[in-house]
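So, here come the structures, one by one.
You will see two complexes here that share subunit A, one where it goes with subunit B and one where it goes with subunit C.
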Partner chain A sequence: MKRYAPYLILGIMAILPLIGLSTYMLHILIMVIMWSVIGMAWNLLGGYCGQVSFGHAAFFGVGAYTAGILYYKLGVSAWWGVPLSVLILVVEALIIGFICLRLRGPFFALATLAMGEVMRVTAENLRDFTQGSLGIMLKERTWVEKTWYYYIILLIAAVSFVVVKKVIESRLGYYFVAIREDQDAAESLGINTTLYKTIALCISAVLTGLAGAFYTNYMGYIDPEVVFALHDISIVTIMVVMVGGVATFWGPVVGSVIMVLLAEFIRSLPRLGSAHQTLFGILLIVIIIFLPNGIVGDFPKIKRIFGFGRRS
Partner chain B sequence: MDAVAVEVLLQTLIAGLLLGGLYALIGIGMTLIMGVMKIINLAHGELMMVAMYLAYWLFVLLHIDPYISVLIVAPLMFFFGMAIQRFLINPVLKVESILPENQVILTVGIGMVLANLATIFFTSDYRSTPVDYASEAWYLSDFWRNSPIELSLSVPWTVSFVMAVLITVALWFFLTKTDTGKSIRATAQDIEAAILMGVNVERMRLITFGLGAALVGAAGCLFIPIYYLYPSLGGKFTLIAFVITILGGLGSTVGAIIGGLILGVFESLTATYIGMGWAPVGRFVIFIIALIFLPGGVASILRRHRLGR
Partner chain C sequence: MRPLLEVKDVSRFFGGLAAVMDVSFSVYPGEIVGLIGPNGAGKTTLFNVINGFYKPSKGDIYFKEKKISGLKPHQICKLGIARTFQVVKPLQRMSVMDNVLASAFLRVKSKTEARERAEEILRFTGLYDDRDKLSKGLPLGKRKRLEIARALATGPELLLLDESFAGLNPTELNESIEIIKKIRDSGITILIIEHHMKVIMSISDRIVVLNYGEKIAEGTPQEIANNPVVVEAYLGEAVDA
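This part shows the complex of A and B:
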């Protein structure tokens, strides 16, 4: 049963739009899937390899701007940004990796945070190239209906899931976990830690960039404040994984369902709408103190507390 | 170089040094916390924002001058910092989890809550404290009649700088001359050894976090007369504090002072010669250069030449 779960879920997701969901529901689903892609990407680097990044907006934003600039400067379809962003993101990840991966633990986290901010300020100031804070708007949308967008992001998510699963189940995955658990021990066992950390960063960056390029096409408008946002992209990425479960396959998916639904729910509340960051922050604090491994990771603990499931 | 160019350069350097002194105060608070607890407090700028709002309301409601309110705000922030450490960070230190970065993420959560609550309660309007000496300045020509160049020294900036220096000196005395200060330094150097020597590490952590919050709170009060205030300003200063700590060397107080001055001067130079919008980029350029060429920060140079600790 467990082996077929991914196919089953993919199948259900594939027929969902056929049963006639409203546009709003479809939008929520697209957002959930997009965030699970970003979450899976972050989880590969942060959860498995132990390199906690606070700057995934740097990758998301560059992916988004690759698509945007292709459309705005060269006049080709923004969809070409999706394949091209792979190349750009690898280059970016190599540069950022060269600078940041020499740091460990919290210092890596902060260096990536600074990188995200560097990218945002650069995008704001390079007005000739990125339109600055005016942003880039796609004047014509590919489809009015959301169904095709849904299938495209579903495909990206399926590819990401397979990539992450294959990587984690291969030798690379064991190297990553070894680096996370003890970098010096891994190094002394002959693992080239810098190389494998760079690989993890590259894969993670590319997947995040794909989501970013998709975002440009889907939303039709990007500006630096949105796609390079510290709280609304980088931190939410971390929250998606923390809430769902660090270093689990399904954690990011569960986390993104909860986070997107929660964000929509809070926004719909009449007076608490503007307080969504407070509630997110409190949720983050509660999760870290009581469920440090997330809902999927600490599922046995939740079961025990609520007293359901098998008693042992 | 003609006289005007020299004038601009000197004026820029002065502005940079004055700014750097204040930056140093922010950086010291962060570096203290980092040294003792080995965690980075990403809510540092938000704590400063809270302190600035305190000082602002003290001024507006009770007409207490920001420079005097340092004496009120800093102790309040001390207890606020202790409370955060006691009720939020301590429980997390005990929790087992896959990622040791949990504590850093926790401080991000705290910062988010503080910034958002400030937006809700005080709206996101830009505020500034209308002190009556805000635009006064001393001019070089007042003191030296035939001076070939004209330089000015803003009164609030200078007063803030001097007070920052005084606070730094007081902190230095506290850390080197008192028992509590020595215990804090011992905890920072080697936790196990400190425990063996009978230092109450748990208490030192509380005091350190409180002290860090009080320092950044004092810096907030000093910034109030010369800066404007809005709820999301915290993130910016958290980053500044972090750049200073990296530049200065992790956990080094002397390094943080030098790092703050370097950053202030560099930012001022970028703002004058490249453009205001690029000042934040200049901040990060210096950060990246420090990471690549000077990973140990200024502290590593000091140590090599046996200056400072």
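This part shows the complex of A and C:
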């Protein structure tokens, strides 16, 4: 039964738009799926390989801008950004990896945080290339209907899920976890830690960037403040995985459902809405204290708590 | 006979401190060589130099007549030198099986083969019944044995054991001695750091003694036990029995 769960969920997700959801509902679903992709990507690097990145906006933004600049400078459809961004992101990941992956633990995290900010400031200031803070606007969107966008992001998500699962179940997965648990031990067991950390970073960057390229096409407008945002992209990425469950297959998916719905809910609250960052912060603290392994990782614990509650 | 491992005039400095100073010795195929010395003598530093964590400040190390000093630890492991750590470094949130499996992938590419190999090694080291436990939950004795199992899974020709007997109770001690002997009989050469004199005297073919980073003696267990310099290094002065 458990083996078929991914197919079952994919099937249900594929039928959903056909039952006539409102445009708003469809938008929420698209955001949920997009964040699942980013979460799965981050989870591969941060959750399994233990390299906690605070700068995934660097990859999201570059993916988004690849699509945007193709459209704006060369006049080709921004959809070409989806395949092309793969190449550009690998190059970017190699460069960032070369700089950051020699650092460990908190130093890696800080270095990636800095890289994300460097990318944002660069994008703001290369005005001839990126339009700076004006951003890039797609003059016409490919479809007015959201259904096709939904299917495209669903496809990207399905591919990401399969890629992450295959990688984690292979030799690479064992190496990633070994590196997370003890880099020195892994190295002494014949694991080329630099190489495998770079591989994890590349896969993670590509998947994140694909979501970015999709974002440009879907939203039709990007600017550096949005796609390279530290708080709205890099931090939310970490939260999605932390809330859902680090180093679990379904954690990022569950996390993105909760985070997107919660964000929508909090924003709709009168007065409190503008404080949604604060509320997210509090939520993160609560999660880290009570469910350090996230909702999926600590599910047995959640069941126990509620089971206990019923009995008493 | 050609030496399997040759340590040639190796020194390692940390700032002004010489942790290892002009040490030379050889290990021949099939031997068990003991490396002993008081605390702080530089034994573990020497392991770290052989295994590639540190580059020697001076001197070279040869493995099967190929220079290995300067290579990365994973390259040295691939060539056939595996080690264990004095302060055990199990991959904590992985099961015992997965710990060994991750190492076994070094020589075999398919998961089925790696699993077979890992199972064989777990039986060999007596950890098979604990294979599904998380390694952080194991008692110290078994964690020490897991270190050995993991090192074996990389298919080494030379095994560096760093105090694999420290802190074991007498039963565990005997089990571990048996395992070490079985490893030697399977054709793997062993260089072992140990404080437990009874153990080192009974299993070593030869012993190298370090003190303050320098080699002060080398010889058979019998010679070492009667060497006045060694006795002095350990006890401060020679005593008449």
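By our rule, the second predicted complex is superposed on the first by the 307 of 312 C-alpha atoms of A that agree within 3 Å, B and C clash if a C-alpha of one lies under 4 Å from a C-alpha of the other, contacts with A are read in each partner's own complex, and residues count from 1 in each chain.
Going forward, contacts are C-beta pairs under 8 Å (C-beta built on N, C-alpha and C of every residue); 3 or more make two chains touch, one makes a residue touch a chain.
In this text the structure is predicted, and so the values were computed from the model without any measurement.
Visitor: After lining up the shared chain so the two structures overlap, which partner does A:191 touch, if you call subunit B first and subunit C second: first, second, both or neither?
Guide: Only subunit C; A:191 stays clear of subunit B.
Visitor: Subunit A residues in contact: does subunit B have more, or subunit C?
Guide: Here the partner covering more residues of subunit A is B.
Visitor: For A:170, using the defined touch cut-off, is the partner it touches subunit B, subunit C, both, or neither? Pick first, second, both or neither.
Guide: Only subunit C is touched by A:170; subunit B is not.
Visitor: With the two complexes superposed on chain A, say which partner A:133 touches: subunit B (first), subunit C (second), both, or neither.
Guide: neither
Visitor: State whether A:147 touches subunit B only (first), subunit C only (second), both chains, or neither.
Guide: Neither partner.
Visitor: Could you look at A:182 and tell me whether it touches subunit B, subunit C, both or neither (first, second, both, neither)?
Guide: The second partner, subunit C, only.
Visitor: Hey, which residues of subunit C end up touching subunit A in the complex?
Guide: Spelled out, the residues of subunit C in touch with subunit A are 51, 53, 72-75, 77-78, 82-83, 85, 89-94, 98, 101-103, 105-106, 109, 111, 114, 150-151, 153-154.
Visitor: Could you list, by residue number, the parts of subunit A that touch subunit B in their complex?
Guide: Those residues of subunit A that touch subunit B are 46-47, 50, 52, 54, 99-100, 102-103, 105-107, 109-111, 113-114, 117-118, 121-122, 124-125, 180, 230-231, 235, 238, 242, 246-247, 274-278, 280-282, 284-285, 288-289, 292-293, 297.
Visitor: List the residues on subunit B that touch subunit A in their complex, please.
Guide: Per the stated touch rule, the residues are 39-40, 42, 88, 91-92, 95-102, 104-106, 108-113, 115-117, 119-120, 235, 239, 242-243, 246, 250, 275, 277-278, 280-281, 284, 287-288, 291-292, 295.
Visitor: If you look only at subunit A, which of its residues touch subunit C in the complex?
Guide: Contact set of subunit A toward subunit C: 170-171, 174-175, 177-178, 181-182, 184-193.
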